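Okay, so chain A shows up in both of these, paired with chain B first and chain C after.
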Partner chain A sequence: MITKDIDTVAPAVPAPVADEPPQRPRKGRRAWDEAPRRQIYLPLGIYLLFTLVPFYWILLFALRPTGSTSLVPWPMTFEHFDKVWNDRSFGTYFENSVYVGLATLLMTTLVALAGGYALARFDFKVKRAFMLALLCSQFVPGALLLVPLFQIFAELQMINSLGSVILAETVFQLPLSMILISGFIRNVPYSLEEAAWVDGCNRFTGFRVVVLPLLRPGLIAVGSFAFVHSWNHFLFALMFLSDQEKQTIPVGLNSLMSADSVDLGALAAGGIVAAVPVVIVFAFIQKWLITGFSAGAVKG
Partner chain B sequence: MAQAAAVAKQPAPPRRRRGSATPRRLPYLLIAPAVLLMLGFIAYPVLSVFYYSLQDYNPTKPWRNGFAGLGNFTHAFTEDPQFWDTLVFSGKWVVVEVGLQLVFGLALALIVNQTFVGRSLGRALVFSPWAVSGVLTSAIWVLLYNSQTGISRYLADLGIGEYGTSWLSDTSTVFPAAVVADLWRGVPFFAILILADLQSVSKDLYEAAEVDGASRLRQFLHITLPHLKDAIILSTLLRAVWEFNNVDLLYTLTGGGPAGETTTLPLYIANTSVDAHDFGYASALTTVAFVILLFCSMVYLRLSKFGVGGDK
Partner chain C sequence: MRRRSSGARRSVTAVAVGAVLALTATACGDDGSGASGDKGAEGSGKGEITFWDNNGGVRTDIWKEIIADFEKANPDIDVKYVPIAATEYQSKVDTSIQAEGLPDVGGVGAAMLAGFAAQNALEPLDDRLGKSSLNGKLNDDMVKSLKAAGGGGAEDSTLYSVPTSANNGVLYYRTDLFEAAGLEAPTTWDAFYEAADKLTDKDDNAFGYTIRGGAGSIAQALDAMYGQSGITSFWDSANEKTTVDDPKNVAALEKYTGLFKKATPAADLNNDFTKMVAQWDSGTIGMLNHNLGSYQDHVKALGTDKFRGIPQPTGPGGKRVQVSNPVDGLGIFKTSKNKEAAWKFIEFATAAAQNSKFNESAGQVPSNTDAAKAAWVAKAEPTKLAAQALTDGSTTIVQLPYYLPDWNTISKTDNEPAFQKVLNGSLSEKEFLGTLADQLNEAQAEWNEQKG
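So, the complex of A and B:
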């Protein structure tokens, strides 16, 4: 998508200039064909500074020895990582977070895929009501339902098990994921599926063979959304998990921050540990994200 | 398609009509898991919040539990100045955050939508804070705002400001400090959504406008903005709701302090229910927050004429 853009835009720009030389002398015309270099790089550079200095800052604190005030992380040390991973049990938190993230990703995608397909391909009685419920649920703040949710999970004997967090994260990811996925499915022409039925597929195999491959960008966007969201979210874990060995990374970070005297080096190293997986996911899905959204998600 | 044909050979020919297998029940079966999950973990909790809002309910003071009528609500509106303070702060927070995020996000999207050398890398870098959590954002900005070894120390080295400045514990600087921290992670959200929508603007429109001699500004006002209108309305609304409800960042960055200066209504509610165990009153406040959100969203959608005009 992105590379294709460059291909299609590049030839389109010089064309009008070549076609209409008489227009050229008019002021401003030529100027903005050339000016954009400056108009792009200057604001972009300033914004990049705002984006990257905080990242550099956390890296700096994580890598320089305690007490150093140097602005370059040299001599480099990994003592903070060692401390955070082993003494502050970030190793365990990391494992829990991975588990919660992957389980949420899987459940959200599967349930949203089924529901999204129904919304995209069928007309049924409660469809409008269901769509309305999905939209309304966007206004329901998970943070404000902590107490009743806690009571439910207590009833289900799920307090202090990762299952409660996975369920809660999935439920609050579902509505948006389903709306997005139904948008993606609507973009796949129905006639493709019908052709598959004519060839003898039933609905499920037709869906699997024809629709699913075309949904890849959308599913990647939705799935990584679910993963990143549950990786980052911290209130549910804070509330529903009490044992230390059940905690997730954000809760660990929070406890590093709320300590009486904050160990800045450990906090920075913990932050890096928290950031690495999402940065990897992000680097991987960045291109899919733009295509995924522009595939009609918001317009659905 | 070859694959499809291969699959098709497996089932026996005399089957129900292809593709229309159980057409009546199938959609209901498909939405069933989602419906069950949402009924159990969203609808039921919401209803129980409504129920408790009419009750005095505090597990630590069981002798006072019982039906309260509208007592919790009248208490909030007439006797609880903190409710009003936190509500006003929530409004201020949402308006400032969403407004600034939209302006910067739109500008950023327009910039990275141009063709230039290093575009992919540029996009990846400016969008990257999107993936960072509220807690991690707090951690990063705690390091930056730290009074001993934060930015202020190095600025003081350069003769700007004073040593030992702690922006987060000063009531006059804590608001802008928190706003900047949240902007850092919020702007990419808008930029990504707007950039995605920009992909669907027909290039022909710009070429036609150019032939007609329309200036860049006019192209932006008459082609780009109308095209983006619905996406902007929807994303600002979703973001406003999200900014109102989300407590991660303020909870971990300022804890609502100093002196309650940065306590939003949801943060106040969380404190009321989790620390003070006053579930009845917290439920009433939640109900109020819910109604306010719904009302504001309706008014916003109506005023902005969502879905009206600005055809693509």
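So, the complex of A and C:
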């Protein structure tokens, strides 16, 4: 009984004989070794199938000619990309989305850094109430605030300006970003900053030299989250921007669907134009993103 | 050890944050209400006006062409064109009404007219039309339809929108599949059901029909119901109780929904028009009910020799009954500061030449009677047949109550999920129509009460 258990759990490996060629592992053992791989790759493959089929569908419609019912994009055409980029102004929408995304990223990160530092390092009377307000603000849907926001931006002469979208996006991103950043800053020992002050740094220099480099994963997580959210967000751009030259990618995508007709090829090509930057951003930063979020989650 | 911040530092931080936020307030924005001047003014008839297209995107090119022609003819007026997707138009206008950010001119179709008029957002246009060269040149039925939809409910109510085009329900069918099966064109409901049955071969992924089970399902179901029952009015003679739950309509709906899964793909349960059209254009499905708007999509996908678009089948006694499709139009918003220029633009866009150009591109029935005589109308068969059906007396139109402010809620939000239950078999047709009738009767009673 004991022998059988040992064989099953940890099969003995015969000692190699000098003049004999190395023996192949037995079939049973190979199957045992490979079982965990199957257990990983099978569900992963099924999951990927579900995930990738819609992407393949988008690629198929974007690359095959109008009217084709082929299941492979052959003959391949780029007419839909040409149409959305040149005729449907996606080049302009793309530039606007990049501008909005980068500006939101920059402003969210800067303000969240300052606010997060204050939350992490200072005690003040209304700190708890402030944290609670930050959390509660996450429960208010943007659509509810459209009318007051529109009126505020109209008073500020900011309607039909990308600044209105950037400001609205930044404000909506800030609560979560500040909470995340404050968690990262709390993880940096305060004594490190104090040591910097002893060495002659003021608070800002101490923060810049000692704390900031340690926040890189957190900053990348917060920044990428802000960028992707503003890149995909539709409502503010739809409501606050009027000129076609100022609209963003999500609004442009929406405009490819009319009340009675839809150009699926153009829609798919537009979808790829919209998705590619986000995919590239994630491909480059995924390591930092995961590190950032897990650090915030575990230690924050 | 934590340190308490000083008041001075807090102030500095607040100022810094404020400064960063203020940097985004670039100088290129505006106050959201168009050109300068007093709100709601007649204006000088010159300067800039803003036009919101209620079906932006696919019609952007043709509108830009019309606007270029207009600016050439009126060099002292600039038109700022804003394309807005049809799906988002109502919410954008509703928000802008509250936020006082409306444009000068906007697309105002019958389906949205009652809501905008109820919010007092639209300028009455009867006097302007009366004095215009357009007077007498616009299709009477379309004008009446928009007047009725404007909240008055009667054909002699106030006109808030000048018609540009009419859509119409079309039965598209695959001529190649019909010929192969030896079937005649589905011009009657009996022929329709026979073809739906004969063209279905599930093993070969071939179906006779594609039913609309998702967004927009109610209007299509109503069209099929009234077309088969032959009932010609949406309300009883007292104009208080709807006829949707009439036993003839219940029987017609039972027959129609009976096609689901028997002669249609099971995926039709979630079909909105996008999926329905894409499925028909790329698959082996015999028939599709949609409107003139998708004609060009079918041409691109199938060419002109594999399908036809004909008016809805005829019902009892060879008579054709259809429900009304929303007439589209252009309106002036009350807050416009340059109504004179806005009206000039509407006049220009609905005059024969531009109206013809627009409708040729959109594949719809022109509102201008001279434009309706253009050569392209005779060449585009579905448009020609639809125009004939709407004007030659062969078709009775059941006017849907677009004037009810609750119509969109009742016909979409409240009842589209219920229609899916009917298709699934978890709700009977009679129960479904009974509930729908109760909601409509209540809305009609409220409206009658408000109207006095």
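By our rule, the second predicted complex is superposed on the first by the 260 of 300 C-alpha atoms of A that agree within 3 Å, B and C clash if a C-alpha of one lies under 4 Å from a C-alpha of the other, contacts with A are read in each partner's own complex, and residues count from 1 in each chain.
Assume contacts are C-beta pairs under 8 Å (C-beta built on N, C-alpha and C of every residue); 3 or more make two chains touch, one makes a residue touch a chain.
Nothing here was measured: the structure is a model prediction, and the numbers come from that model.
Peer 1: Consider chain A as the common anchor and indicate whether chain B and chain C clash or fit when overlaid.
Peer 2: On the shared chain A, the partners clash.
Peer 1: After lining up the shared chain so the two structures overlap, which partner does A:196 touch, if you call chain B first and chain C second: first, second, both or neither?
Peer 2: first
Peer 1: With the two structures laid over each other on chain A, which partner does A:129 touch: chain B (first), chain C (second), both, or neither?
Peer 2: neither
Peer 1: Does the superposition put A:54 against chain B (first), chain C (second), both, or neither?
Peer 2: first
Peer 1: Answer with first, second, both or neither: which of chain B and chain C does A:228 touch in the superposed model?
Peer 2: Only chain B is touched by A:228; chain C is not.
Peer 1: Would you mind checking which one, chain B or chain C, touches more residues on chain A?
Peer 2: B
Peer 1: Which partner chains sit in contact with A:71 here, chain B, chain C, both or neither? Use first/second/both/neither.
Peer 2: first
Peer 1: Examine A:160 and indicate which partner it touches, taking first as chain B and second as chain C; both and neither are also allowed.
Peer 2: After superposition on chain A, A:160 lies in contact with chain C alone.
Peer 1: Would you mind listing the overlap between the chain B footprint and the chain C footprint on chain A?
Peer 2: Touching chain B in the first complex and chain C in the second, residues 69, 111, 114-115, 118, 121-122, 124, 146-147, 151, 167, 170, 194, 239, 254, 256-258, 262, 264 of chain A appear in both lists.
Peer 1: So in the complex, which bits of chain C are touching chain A?
Peer 2: Within the complex, chain C contacts chain A at residues 1-5, 13, 16-17, 20-21, 24-26, 28-33, 50, 55-61, 80-88, 92, 95-96, 98-101, 103, 167, 273-274, 277-278, 281-283, 290-294, 296-297, 300-303.
Peer 1: Could you list, by residue number, the parts of chain B that touch chain A in their complex?
Peer 2: Checking each residue of chain B against chain A gives 1, 3-5, 7-9, 11, 15, 18-19, 21, 23, 26-28, 30-31, 33-35, 37-38, 40-42, 44-46, 48-49, 52, 104, 107-108, 111-112, 114-116, 119-120, 122-136, 138-144, 146, 149, 151, 153-154, 184, 192-193, 195-197, 199-200, 203, 207, 210-211, 213, 215-216, 230-231, 234-235, 238, 241, 244-248, 252, 255, 266, 269-270, 273-274, 279, 282-283, 286, 289-290, 293-294, 297, 312.
Peer 1: So in the complex, which bits of chain A are touching chain C?
Peer 2: 66-67, 69, 87-88, 103, 107, 110-111, 114-115, 118, 121-124, 146-147, 150-151, 153-164, 166-167, 170, 190, 194, 238-239, 242-244, 251, 254-264
Peer 1: Report the residues of chain A in contact with chain B in the complex, numbered from low to high.
Peer 2: 1-2, 5-6, 8-10, 12-13, 15-16, 20, 23, 26, 28, 32, 36-37, 39-41, 43-44, 47-48, 50-55, 57-58, 61, 69, 71, 111-112, 114-115, 117-119, 121-122, 124, 127, 130, 133, 137-149, 151-152, 167-168, 170-172, 174-175, 178, 193-203, 205-206, 209-210, 228, 231-235, 239, 250, 253-254, 256-258, 262, 264, 267-268, 270-271, 274-275, 278-279, 281-283, 286-287, 289-294, 297-299
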